[in-house]
Amino acid sequence: MDAILQTKELTISFGGHIAVDSVSVHIPMKKFTSIIGPNGAGKTTFFNLLSGQLSPTKGSIIYKDKDITKHSATERTRLGIGRSFQITNVFPNLTVLENVRLAVQSQAKVRYNMIAHYRHFKSLEQKAYQLLEKVFLQDKADSKAINLAHGEKRKLEIAMLLALETEILLLDEPTAGMSLEEVPAIIDVIKHIKQHEDRTIVLIEHKMDMIMDLSDEVLVLFHGELLAKGTPEEIVKNEMVQSAYLGGMYDEEEQFT
Amino acid sequence: MNVRSIDKSTWIYLAIALLLFIVPFIVTGRSMQFIIIQIFIFGIFAMSYDLLLGFTGIISFGHVMFFGIGAYSTAVTLDRFDATLPSLLLGVLIALVIAAIVSFIVGVLTLRLKSHFYAMLTLALAGLFLVAAEKWRSVTGGNDGFTFRLPEIIRDSQSQYFLCLISLILIFFGLRRLTNSPFGKVLMSIRENEQRTESLGYKVLHYKVIASVVSGVIASFAGVLYIISLRFVNTSVFATDVTIDVLLMTIIGGVGTLIGPIIGAGLVEFAHHWLSGLSEVHWIFERWIILYGTVYILVVIFFPLGIVGTIQAKFFGRTVTKGIKDNSKTKAG
Amino acid sequence: MKRNSLLKLNQVEAYIQQFHILHDITFEVPKGGVTVLLGRNGAGKTTTLRTIMGLNPASNGSIVFNEQEISSLKPHMIANRGIGYVPEDQGIFGDLTVGENIRVAMKKEDEETTNRLEWVLELFPDLKKFWTKPGGQLSGGQKQMLAIARAYVNENELLLIDEPSKGLAPIIVEKVMESIQQMKEKTTILLVEQNFLMASKIGDQFYIIDDGQTVHDGQMTELKEDKVLMKKYLGIS
Amino acid sequence: ACGDEGASGDSETIKVGVLLSQTGALETYGAQTQRGFELGMEYATDGTMEVAGKKIEYIFEDTETDPTVARQKALSLLEDEEVDILVGSSSSGDTLAVTPLAEEYETVMIVEPAAADSITGSEYNDYVFRTARNSSQDAFAAAAAVAGEGVKIATLAPDYSFGHDGAKAFIAAAEELGAELVLEEYADQAATDFTANIQKIIEAEPDYLYVVWSGANTPWNQIVDMKVQDQGIKVTTGVADIATLPSMSPLVGMEGFTLYYHTLPDNDVNNWLVEEHKKKFDGEVPDLFTAGGMSAAIAAVEAIEKTDGDTSGEALIEVMEGMSFETPKGTMTFREEDHQALQEMYSVTLEESDEFDYPVPVLKRVLTPEETAPPIMNQ
Amino acid sequence: MDLIFSLLINGLATGMLIFLLAAGLTLIFGLMDVLNFAHGGLFIWGAYSGVWFYQMSNSFLFAIIAAIVTGLLLGLITEKLIVRPVYGNHVQQILITLGFMLVLQELIKVVFGPDQKAVFPPDWLQGSFMVGDIVIIKYRLFIIAIGFLIFFLTLFILKRTRIGLIVRAGVMNKEMIQSLGINIRFVFMLVFMVGAALAALSGLLHAPYSGVIYAEMGLEFSILAFIVVVIGGMGSFTGSLFAAILVGLAQAFMAYYFPALSLAVNMLLMAIVLIFRPQGLFRVKG
């Protein structure tokens, strides 16, 4: 199994509180890995470490055989690690289209051009528009991002992430607050990427049915430590996971999407 | 907004520029020309400020330091050498180079600070320049300042007018292109959400420093023009009042627009001229500054986004931003 | 039922800036129990709650709470009439500590309130653990817990809760459900919830909002049976 | 180059443009100059407002103590109003922004009351004359009041051009008279606490402390509170306008100098000024720069009379160089070399007065124009 | 030793004076995040009205009350007419408060005349006494005492009530604090008024210290106040106190030991603090 991303004893503490505790994992190339764990287990923090928002107290991160522990968030994005945010994190006063175009522009490496008019780059705008269609947000292309409903902002997040075309996609609860009607569509988008574009995807979610449906492998974080890992089926059966995370909820018969 | 409407606005701007070329043949009074020249100069200065405030979302209280650098570099060069075109050009070159270096250093030093802290640090640095100008009396003449001679060709008012007008037009269109370039869009995204810009793969500090250098160099050039129009320099070119003036012009015109600062400069200069003139009409207007202050207040009430900003938002339904992030929202998250 | 409805919206309309967002919201929340608002993204659920709170005043229609019109009142007055609010974005004061976030919400410091606080902290022990941590540094789920806790510490007649289960681990969702079930003995709850599993478990009756209008209502038990309706408005099959 | 019409010798009315601060921190000075100038015109023309058979008019413009505004107003005076003579202004910076224009338009400018040495020194041009005293004259007056063989002196001055000019000139003048400098201290003029500076002065143990001060944060209270005088150090300074006298009450008994106080000069012009001023302004007496404004007006009128109405630059310069004229401060003479008017200054003692609730300067000795003649600095 | 002690005590007094000045701004700018450039206007109005009453009544106590009342009233007007429409928007705050500052400053000249005015401490605070070889100026002791009094009083109020919390929460998220049943407008108004009253009071107390008052002093001193609030750490009372004392001591010692730098001392201090502690000296705590 080829690991595209690997952590070694990754640790971070915030003033004594150890949020991620010596986590060593392999993220297999072109596979779908999910991370679950109770609230405050350190999932988002783990993402922040991977994407460079935070730097670890200890341990290292290796991406394609290269130690990137000291790289900045910007550099990691450029290397191919892209992420979405759990708390919606967009450019509030720019239009939806501009939000995505900025991501497309970065991907196309049109970064420091001060001379040309932005409209000169027609293809970028088209691509941004296509991405909006992909997440069903084309109607809102000209609205300011701040005016979107919560679920719509989440879709925008996904479109911006897709625009970066990174090799790894780190998705932090992409469907939180998204309506039941839309969730399957987003899942389809994610599936489509996984299958047709050969990306590596890492997903944080609390929706177990989604995890079951999509994952090749599941990692369980608990109090910052790696509690378990395995296939979805193994994980659901794991008793520790049951008591720490699922709380019997998942036993129930009733299941809605 | 489509390509066509952009073209239209470019034409309008060009037409206005053309009209301005005719003005000196109609307005021949040197004093009125001097006022218009000041508007051009402060228009340039305010645009450079808006690149920081309106486009990148940085409030600086020390922008005057670049203005002063431009002013002193030119004045001292002209004073030390003879009053010829080459020494003027040398002065301008020195002004721009020093401003570029200083704005680069200041940018690297300060831009990692957040909002108020950044603003105050720039205030401090500009304050240090003021003290330096005061203390380095042998070169600057201190607070009393000194006068100097100008090369023949730019000595008369007409040629100063054209020099400033051409500079204004070139800088306006230059900055307009810059803000509409992919680079400019990244600046705006920094204004909106710095951290997110970073995670899209942009090196935010680079952008901010570049913006600060461009802005500093232009401000320095405004200082050069100012000193040419005044033929006299003293420490007031480093005074905080000047930063405040330019800040006001930018805000009154509308942050985040380029024509705004120019209109702001015009409005402030004319309001000033007109209101102070009132004091001769009737003694009741001796305290015209009260009216002047009231103008600011009324602008905020009736044109909350600045003159241009508000008009754009009202009549063209264009989205104009407040310029500065509303921290309340980001903090709460 | 008409007599003892606690909250009653009648043909409420609302604008956000120049956009007409709510067209015709009409529903009643009976005293006691849990009323659920359902609907797709952007339907106007959040806006409805904000309109009730006075944060986004209604331009038309009436909002009657406890037989008094409240649609023209200021948000703090509405809150002081006994309505609590857990907003969609949690509304945590990022620079205040967890403790301060709660303290700033507490209207009284009597025994009753202290008891409630203890009960809430038992429900969400994480909050106790991070009592002195700035709210902004909490994990997404912890923030959600804090937002709920903040609304619970006061004695309110009506609680408006916007998507409480969002971002919570299943085990916590269960706890929240339990807590709501306990709460509803004393307090009426108006809930917006996408997690249908949860909504169907604790909801008593529901309204569906679509494009700024209330388009359907009924008892939760009926909805669970009505596959057609669920498909039509909620996309659940 | 241009602007020949501005100085035309034979137009029917003669116009004088006066630049002064009517708003901002220096507006009290501006107001004094304005009153003085108006009275001076009246006096010099015997109320006819005519000189050499022509009508004479004057226009006041507010510089707002801002060099840019000063230049713009000067341009408007020179071009739009076509004034024949400029007068002004209240601040040295404003004045320096305007003097090049005087040269350019070949129009004489009478500087009043700006005091910077450089105006008639390094920045001198032929069209500039000054009725106001300059900082060096202040210093000479002060030195004359206190310095002598072997006297130890210290200075305290604000840390900007005005302070440095004043202190340096005083030290030079005092050393000339045989005094010995023990400390040269500069303080931030905006500071509220002068303890450190005063402490140093006490340690230096001078006989006299000469304070150059202008601006509102006065050090007087602290000098007294820190018991400077109790240590045998005599404080001396220039007495400024009446508004500042109340704040000087801790200094009663001090020996210093002043350039004008209405009771000091003993001559007809001053008598007229005091009387008319009181009459016109509700019993108020003329102040520091009222006399200056009047002197400037008298200088202008007398010069025009001498040229017989010719207001061209050359004609005026020719008659004004070396011209003597009677002012409220006695006879003034424009020195040929640098166009600085030599004038009387007054050595005074600050004493309590029954009339006012503030101390007033009482004449010790009139310092003759020669005594306070500053060095020529425009070479 | 005496020298150092003397510099210390005088630096401390200056620091306290600066703290009094900054205390109001700590509330308005630090806590409420309003870039109030009219603060200097409140300061001079406090000074002039207080001095006017002082000279009318000959009672310094009466003057203090007058200054406070002036501050409260002006604060009320300023908050209602000027600041209320622009909470949360720094750009507009700068413009409108600067405009109001000009109005306030110019109105001073209309009401009280353009001349500077001399002010002396009341008899019981006049003069100085010696302790050993050190001169101690009475009025400075008084300032130090008042400074500490105000510091502890404000701190007590902020700690004891939820006001501090509410204001900070309100600045972060106005809607949420309203949803918690708090009339944030009213709270803001009250806090602003108190801030204005503190500014006015410090204006009055400053007057006998420097011996004269003049209309332009407002802007000069408000910049100093901004410096102190920022290097103190935005909204921390303890921070402002420390920063103010730091500034006072730095001024005193620099003027003695490095007089060449004394013009630059405030700016240097601020630059150094911000470069090495970008968040200010103290983090804000309720």
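We call the chains A, B, C, D and E, going by the order they appear; numbering starts again at 1 in every chain.
Here, a residue touches a chain if its C-beta (ideal position, glycine included) is under 8 Å from a C-beta of that chain, and two chains touch if they have at least 3 such contacts.
Bear in mind the structure is a predicted one, so any value in this text is a computation, not a measurement.
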{"item": "Each chain counted as touching chain D and chain E at once", "value": "B"}
{"item": "Farthest-lying chain, centroid of Cα atoms versus that of chain C", "value": "D"}
{"item": "Pair exhibiting more inter-chain C-beta contacts, B-D or B-E", "value": "B-E"}
{"item": "Of all other chains, the one whose Cα centre sits farthest from chain A", "value": "D"}
{"item": "Centre distance in Å when chain B and chain E are each reduced to the mean of their C-alpha atoms", "value": "31"}
{"item": "Distance between chain centroids, defined by C-alpha means - chain B, chain C (Å)", "value": "49"}
{"item": "Distance from chain D to chain A - Cα centre to Cα centre, in angstrom", "value": "75"}
{"item": "Length of the line joining the C-alpha centres of chain A and chain C, rounded to whole Å", "value": "28"}
{"item": "Residues of chain C whose C-beta touches two or more other chains", "value": "89, 91, 93-95"}
{"item": "Shared-contact residues (touching 2 or more other chains) in chain D", "value": "159"}
{"item": "Chain B, residues touching no fewer than two other chains", "value": "134, 289, 322, 329, 331-333"}
{"item": "Touch list for chain C against partner chain E, complex", "value": "53-55, 74-77, 79-80, 84-85, 87, 91, 93-96, 100-101, 103-105, 107, 150, 154"}
{"item": "Contacting residues of chain D [partner chain B, same complex]", "value": "1-2, 22-23, 62, 64, 66-69, 71-73, 75-76, 78-80, 92-93, 96-97, 99-100, 116, 118, 122-123, 159-162, 164-165"}
{"item": "Touching residues on chain B, where the partner in the complex is chain D", "value": "29-32, 34-35, 38, 134, 137, 141-147, 155-156, 226, 230-232, 234-236, 276, 279, 286, 288-289"}
{"item": "Of chain A, residues touching chain C in the complex", "value": "14, 17, 36-45, 86-87, 147-152, 155, 173, 176-182, 184, 206, 208, 244-250, 252, 254-257"}
{"item": "Residue ranges of chain D in contact with chain E within the complex", "value": "24-25, 27-28, 31, 159, 185-188, 190-197, 199-200, 216-218, 220-222, 225-227, 243-244, 246-247, 249, 358"}
